[in-house]
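Below is the structure I would like to discuss, written out as structure tokens.
Letters are used for the chains, namely A, B and C, taken in the order the chains are written, and counting of residues starts over at 1 for each.
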Amino acid sequence: MIARLLVAVLAVAALGAGESTRLTVTGSSTVAPLVTEIAKRFEARHPGVRIDVQTGGSSRGLADAESGVADIGMVSRALKPDEPVLAHTIARDGVCLIVHRSNPVVALSDQQVVAIYTGQVAGWKEVGGPDLPIVVVNKAEGRSTLEVFCGHFKLKNADIKAAVVIGDNEQGVKTVAGNPAAIGYVSIGTAESDAAVGVAIRLLPMGGIAPSVGNVRSGTFPLSRPLNLVTKGVPTGLAARFIAFATSDEVFDLVRDLNLVPIR
Amino acid sequence: MLALAAIPALLVVVIIAFVARASAPALADIGLLRLFSDPGWHPTADAFNLWPMLAGSLAVMALALALALPLGLGCAVCLRFFAPPPASRTLRLLLALAAGVPSVVYGLWGLSELVPLIARWRQPGASLLAGAVVLALMVLPTIALTAEAALAAVPATVLRGAAALGLSRWGTVVGVALPAARRGIMAGTVLAAARALGETMGLLMVCGNVVQVPGSVFDPVRTLAANIVLEMAYATGAHRGALAVSGLVLLALVLALLLLVEQAPRRAHG
Amino acid sequence: MADLAPVRRGPARADWHSVVLAALAWGAAAVVVGALGWIVVDLLGAGARRLSWQFLTTAPQRSGRSGGIAPMLVSTALILATCLAVAVPLAIAAAAVLAVPVSSGAGRARRLRIGLDLLAGVPSIIFGLFGAELFCRVLGLGFSILSGGLTLACMALPIMVRVLAAGLAAAAGEHGAGAAALGLSRTTTLLRLLLPAAAPAFAAALALGVGRALAETAALIFTSGYVDRMPGSLLDSGRALSVHIYDLAMNVPGGDASAHATALVLMALVLAVDGLSAWLLLRRRPWPAGA
């Protein structure tokens, strides 16, 4: 009887002790692979700590951070002014246009891109490419890469005439790699990693600037978005220590490993 | 035992209640009429027309069943009436294997092999046809294995009777066994149709996801289920509610399908 | 099959109907095998180089692009076990209600049937959100293997019940009267007589249920979660193989090879589980019912 009571008390105590060494991070599936690797390194340096990373999308990350369901949220875009959370940027990610590797077009002007995406230019021949219809690949509404794209080219999503709509960046890459007539826009990190292992795509420069990680870091490449960890108010305790670690230069190699851009 | 059997029906009620509760605010704000008459689906621009996606879901399901039913029945007949034991064991295992392949894998294969193939024929490749083929592959095992189970349930005495009457293999299978197994085959087909309406990941990758009523099998479409996955990750506020409503519409569609099947006229012998 | 008429009837006149039927049947099987074969060859081409003993026994590194899938294998096995532990008894109970009609039970059977068909039509993403709400939040299980297994049990139930019910109905037709004459109780009749006689249907039901469970992705993302650590208990979050495949293929740039290799491992797992259950259930056949 006493033994059972003792076990119960110890169990409750263990439960209580466990709470302060555990973090829950939810949100964007784009940021999740990076945060998972950062969390693993953090756990290795702080034995006994557990950081659980879950996905569900940027809007979930926002909602969970706000409501307290999660300690930290992951959001793959800049915060809007009416969102009541604090953002801590852990990486930047450029957005660039990609075409099939066999497409001879090496650059497109901003006006050409707008004309292609609004359907005014329908054939590759008109912009110096092969005699094929242009298959326009656009992102689904609400996605941050779409908003960055539309913001830069001053387009409204309703004006875009797309032949294919995609969700994740990899889907965009695979769609373009499988179709010599396709054009799309994806995260530079994804496109560079894939092109490096031989996937049949080519990245296009924007306004003459090459789409490289270096150019995004220096700010010369015009299209990029921040990858953020968000918290409700100023973070404290374990969450604060994790965020400090995630924004330190000790994780820059992890950021670069995913072809993302370190914040410094 | 009886109490346990009540759980599925209870579960359905709870799920419907859950989706209904999530849709209530959007239904109140947007209203049922606008869901079918707005100028297109642009949630960030306050347009919420579900009809093109509803048409897309129905079209993909119908085409997929048109492909999967003959193939599935053919496999079932082969398993039950033609294949010797080693071959039938292998085919049955392959079908069971196909049932366990995640839709992501079918979708990936579709995206990297099927879509480029169709694109060479007619752009953009990602289309109703691609979705139907991938979906047919996904529901085929269900149809084949349930049809086989139904055919196996036809009593041996009935089959022996047919042979005694001098019926050919064709006569026995088409004239006796298939009609006798009709209920079971129908049940399997309904399950496949329901699964087809609810399929998300695989179709997301190969259908093209353009919100339009398909004019031909080469047109890209967006299904209701794929739309939920596609937009949920970034949807906030009213957009989220609209997605919940599309979920409710999907459930209503499945219910309508089921009731339609239940009312179908039956012949005297079940 | 020995009872059926041979395909060719008589020396002079070929029964071309049956020949056509045979061609169609074998043709269908060939198309299906061909399509599956294409997919497997594709997977092997892209993923075979990642397969190794290390792949099966170590943890993932660099977001899964190197290292292995051991934690995912364990999580998947646990999720599957939970799912079957819940779904199988429920399926037997529900199938019994559908297959063995009781005079007062016609309405109940009809409600059950419609309920199951509706359940089959719920999109997996809605199951994911519903499971997250019911099991993770309301029941307090959080992101856990248990939540995932319970959600999957709901999803696998309809197909399992339908297949099992068909088999039980046939068995009841052949043996039910005899059992009643012997004065056996309904439960005894079900468990000791009908279920063993319906072993092939049970095996098929298991195969389809296992398949449904292992193939599911969207529902698991929201219930058993994304954590790629080796799970310590059923209450831990664990990444299933299907979720890992999805992440590697769609989220992690350069993760293709690992995604295809993981898919191959998953298929091997399906084969192993299905093969095992078929062997266990079909090796002893007390009654050659319907051969």
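The rule we apply is simple: contacts are C-beta pairs under 8 Å (C-beta built on N, C-alpha and C of every residue); 3 or more make two chains touch, one makes a residue touch a chain.
None of these values were measured; they are calculated from a predicted model.
Arrangement of the chains shown, judged by which pairs touch: all-to-all, with no pair of chains left without contact.
Inter-chain contacts peak for the pair B-C.
Rounded to whole angstrom, the centroid-to-centroid distance between subunit A and subunit B, based on C-alpha atoms, equals 33 Å. Mean C-alpha positions place subunit B and subunit C at a centre distance of 17 Å.
Centres computed as Cα averages put subunit A at a distance of 35 Å from subunit C.
For subunit A, residues touching at least two other chains, in rising order: 29, 56, 167, 171. With touch defined as above, residues shared between interfaces to two or more other chains in subunit B number as follows: 108, 112, 229, 232. Contact with two or more other chains is made by residues 249-250 of subunit C.
Against subunit A, in their complex, subunit C makes its touches with residues 62-64, 143, 221-222, 225-229, 237, 247, 249-254.
Per the touch definition, subunit C reaches subunit B in the complex via residues 1, 3-7, 9, 15, 17-18, 20-22, 24-29, 31-33, 35-36, 38-39, 42-43, 89-90, 93-94, 96-97, 108, 111-112, 114-127, 129-130, 133-134, 154, 157-159, 161-163, 166-167, 169-170, 173-174, 187, 200-201, 204, 207-208, 210-212, 214-218, 242, 245-246, 249-250, 259, 263, 266-267, 269-271, 274-275, 278, 289-291.
Looking at the complex, you find that subunit B touches subunit A at residues 40, 42-45, 108, 111-112, 115-116, 119, 123-126, 204-205, 208-211, 220, 222, 229-236, 239-240.
Across the complex, subunit B is touched by residues 28-29, 56-60, 62, 133, 135, 140-144, 156-158, 162-167, 171, 174-175, 178-179, 181-182 of subunit A.
Contact residues on subunit B toward subunit C in their complex (touch as defined above): 1-2, 4-12, 14-15, 18-19, 70-75, 77-79, 81-83, 89, 91-106, 108-109, 112-113, 137, 140-142, 144-146, 148-150, 152-156, 159-160, 162-163, 166-174, 184, 187-188, 190-191, 193-195, 197-201, 224-225, 228-229, 232, 247, 250-251, 254-255, 257-258, 262.
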